[in-house]
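Look at the two complexes coming up: subunit A is in both, with subunit B in one and subunit C in the other.
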Partner chain A sequence: MDGADHHAPAIAARDDVEIRLGAEAVHLPVVRAVAVTIAMRADLDLDAISDLELAVDEACSSLIVLARPDSLLICRFTVRDEEIVFRASVASDREPPSTQTFGWRVLTTLTDRARGWARAGQVHIELAKAKPVSAPEGRAEEIH
Partner chain B sequence: MSKPEPNADADVARLVSIAPADSGRDGVVVLTVSGELDMLSTDALTERLDEALQPPAEAVVLDLTDVRFLGSAALSALLKSAEEAKANGIRLILVASKHATLRPFEVTGISDSFTIRPTVDDALALLD
Partner chain C sequence: MNSTTTAPPRVRARHPGRREGEYDRFDPLFERLTTLAAGSAEHTRLRERLIAEHLPVARHIARRFSGRGEPESDLVQVATIGLINAVDRYDPHYGRGFLPFAVPTIKGEVQRHFRDATWAMRVPRRMKELHLQLVRASGDLADRLGRSPRPSELAEHLGISRDEVLDGLAAAAAYRPASLDRPLRKDDDTSDGYGEQLGETDDALDIVDDAEYLRPALRKLPERERRIIALRFFRHMTQSQIARAVGISQMHVSRLLARSLAALRHELGGRPGG
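The block that comes next holds the complex of A and B.
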């Protein structure tokens, strides 16, 4: 086991996008670019797109710091009807990221939920961002 | 043990560029930043900003107008620079007007630790 296959859920939804990169800061722009593209395709507005980009970057940045040298960062985007879920993990023997940092405040404020945990030599972060409600049945609610 | 990164500088240069601009005033330094300020590129900003925040400079205007990404590493670095500037009696004014640059300050609740203006002219006007 070289860690390359850690966290490999079944491909239940074939629309999922998974990317695997070296757990190095130089690759962050790639993850951000994918996040932006996926958010655009999910019809998020410009502000929400940049919020998701920031949240994804924070999640990956904090995992990269914890990652074992020469290990992988595995990221997975799942686009559901109502939300975009982003999960990322690295091989690490450390604790999950502290919830007292700037980075974590960014994560929790910009997403609808975020959590981090450590298990079996891996640290994970999962976050979710709601998609805009399309084709509203009533017109009572304002989109904000 | 991390392997050597011969291209680290090139990677940073691809992400961000930081250049001094003419403020037209004595003692006022304008630094124009463009690109993306993330975990990798923030050190370049800190370096240039620390250089600028030295006497005889009286004020530094950091123009973030063309920054399209600003992560928490940059926020932490800017907070540190703002404290240092204060300690040295130098004014630090940030220029930001877009969601991508204003939002990170808002969500972390640290906007009040900075003087932020929408344009360089507005920033310079504070120094009149």
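The block that comes next holds the complex of A and C.
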């Protein structure tokens, strides 16, 4: 079970965070808390912080349903200059979630990019949330 | 359910502007209500009238609980639910009239809301105040910026460090809205204008393949939550825009979305953890 991680690149020393947990809903608050902390530290706005948290919750929930019993949920957050990328996977022989469902609509509404795929006994979901473009100095005052 | 007939009689005197006994004139109507078949047009009409006539009582009780961190509009809504329960459960053949029955029922509903909807754990007073400050500041900034603020903007606005903002936002996680277990109510009883777009949303649901399962699941949500789901996922409004449209804070929208999505997951898939 372990070692079945197909995340391509090795974890980047500086900006990646990876957590592995039992694929059980009871652990979801941990993943949500990490998502919120990372989004806040990346200085996303409050809407985007909450959206990312909700999307991570939705993605993990749908993966947990597909997971083989007693398998791991592997989550990785990558903070890039322009976006936060979240990837999660579980060991499963099933298909990734259908993109025609309400659940998938939730993911695509809350993030800027969502895709799911199955490969080598793992189902993956990847989400990306854009970081806000830094507002030019004084913009807030201008608007006011 | 609540016991009730033992409420102190002085409650009547607590409605300033309403003379004691003013509500007694409805006693015959309650008598009449018990004689009508539930669901008949006349029963419905009379029930609605009795609810409407007693709304000032619900509002009055809601006001007494205001200033404790819950929006007054929420409290009025909760008190109204209590009133509706009281009208439905009141038996004029027992007790000393409707008000001594209704007041504790309504108060109980509001108190339950506070028990369910406030801090889930002991949070230091300083953190509660910081949380309130953040809620207010994010509303102000959202108005000014046309989008929700970032932590750095909140820090600057409030003159505090970013770490403090992060602490305060994290504390918000310990603050939870009322539980989903509240009994479902009839939409028209508590409607405050949220209903008007639901027909349109219903058509929008056809976009997804599982619409046929989604519809009944959505119907189980309280009306406001259903509306928030529709606005976010079928009308693509941001949380801040929804907050403004519904009259609650963005953080509250966020909590309601989290709760509703969990409920929908549970309904749609029987997924664990829903």
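As a convention for this text, the second predicted complex is superposed on the first by the 123 of 144 C-alpha atoms of A that agree within 3 Å, B and C clash if a C-alpha of one lies under 4 Å from a C-alpha of the other, contacts with A are read in each partner's own complex, and residues count from 1 in each chain.
Everything that follows uses one rule, which is that contacts are C-beta pairs under 8 Å (C-beta built on N, C-alpha and C of every residue); 3 or more make two chains touch, one makes a residue touch a chain.
Owing to the predicted nature of the structure, the values given are computational and were not obtained by experimental measurement.
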Clash or fit, subunit B versus subunit C on superposed subunit A: clash
First (subunit B), second (subunit C), both or neither touched by A:132: second
Subunit B versus subunit C as contact partner of A:61, first or second or both or neither: both
First (subunit B), second (subunit C), both or neither touched by A:70: first
Partner chain in contact with A:40 - subunit B first, subunit C second, else both or neither: second
Subunit A residues touched - subunit C or subunit B, whichever exceeds: C
Touching partner for A:105 - first (subunit B), second (subunit C), both, neither: both
Location of subunit C clashes with subunit B - one stretch out of 81-89, 135-143 or 153-161: 81-89
Touching both subunit B and subunit C, residues of subunit A: 25-26, 28, 46-47, 50-51, 53-54, 57-58, 61, 64, 101-103, 105-106, 109
Touch list for subunit A against partner subunit B, complex: 25-26, 28-29, 32, 46-47, 50-51, 53-54, 57-58, 61, 64, 69-70, 101-103, 105-106, 109-110
Complex contact set, residues of subunit C against subunit A: 138, 144-153, 166, 169-170, 173, 207-211, 214, 232-233, 236, 238-240, 250-251, 254, 257-258, 261-262, 264-265, 268-269, 271-274
Contact set on subunit B toward subunit A in their complex: 1-3, 5, 7-8, 11, 15, 36, 38-40, 69-73, 75-76, 99-100, 103-104, 107-109
Of subunit A, residues touching subunit C in the complex: 24-26, 28, 33, 36-37, 40-41, 43-51, 53-54, 57-58, 61-62, 64-65, 98, 100-106, 109, 132, 140, 143-144
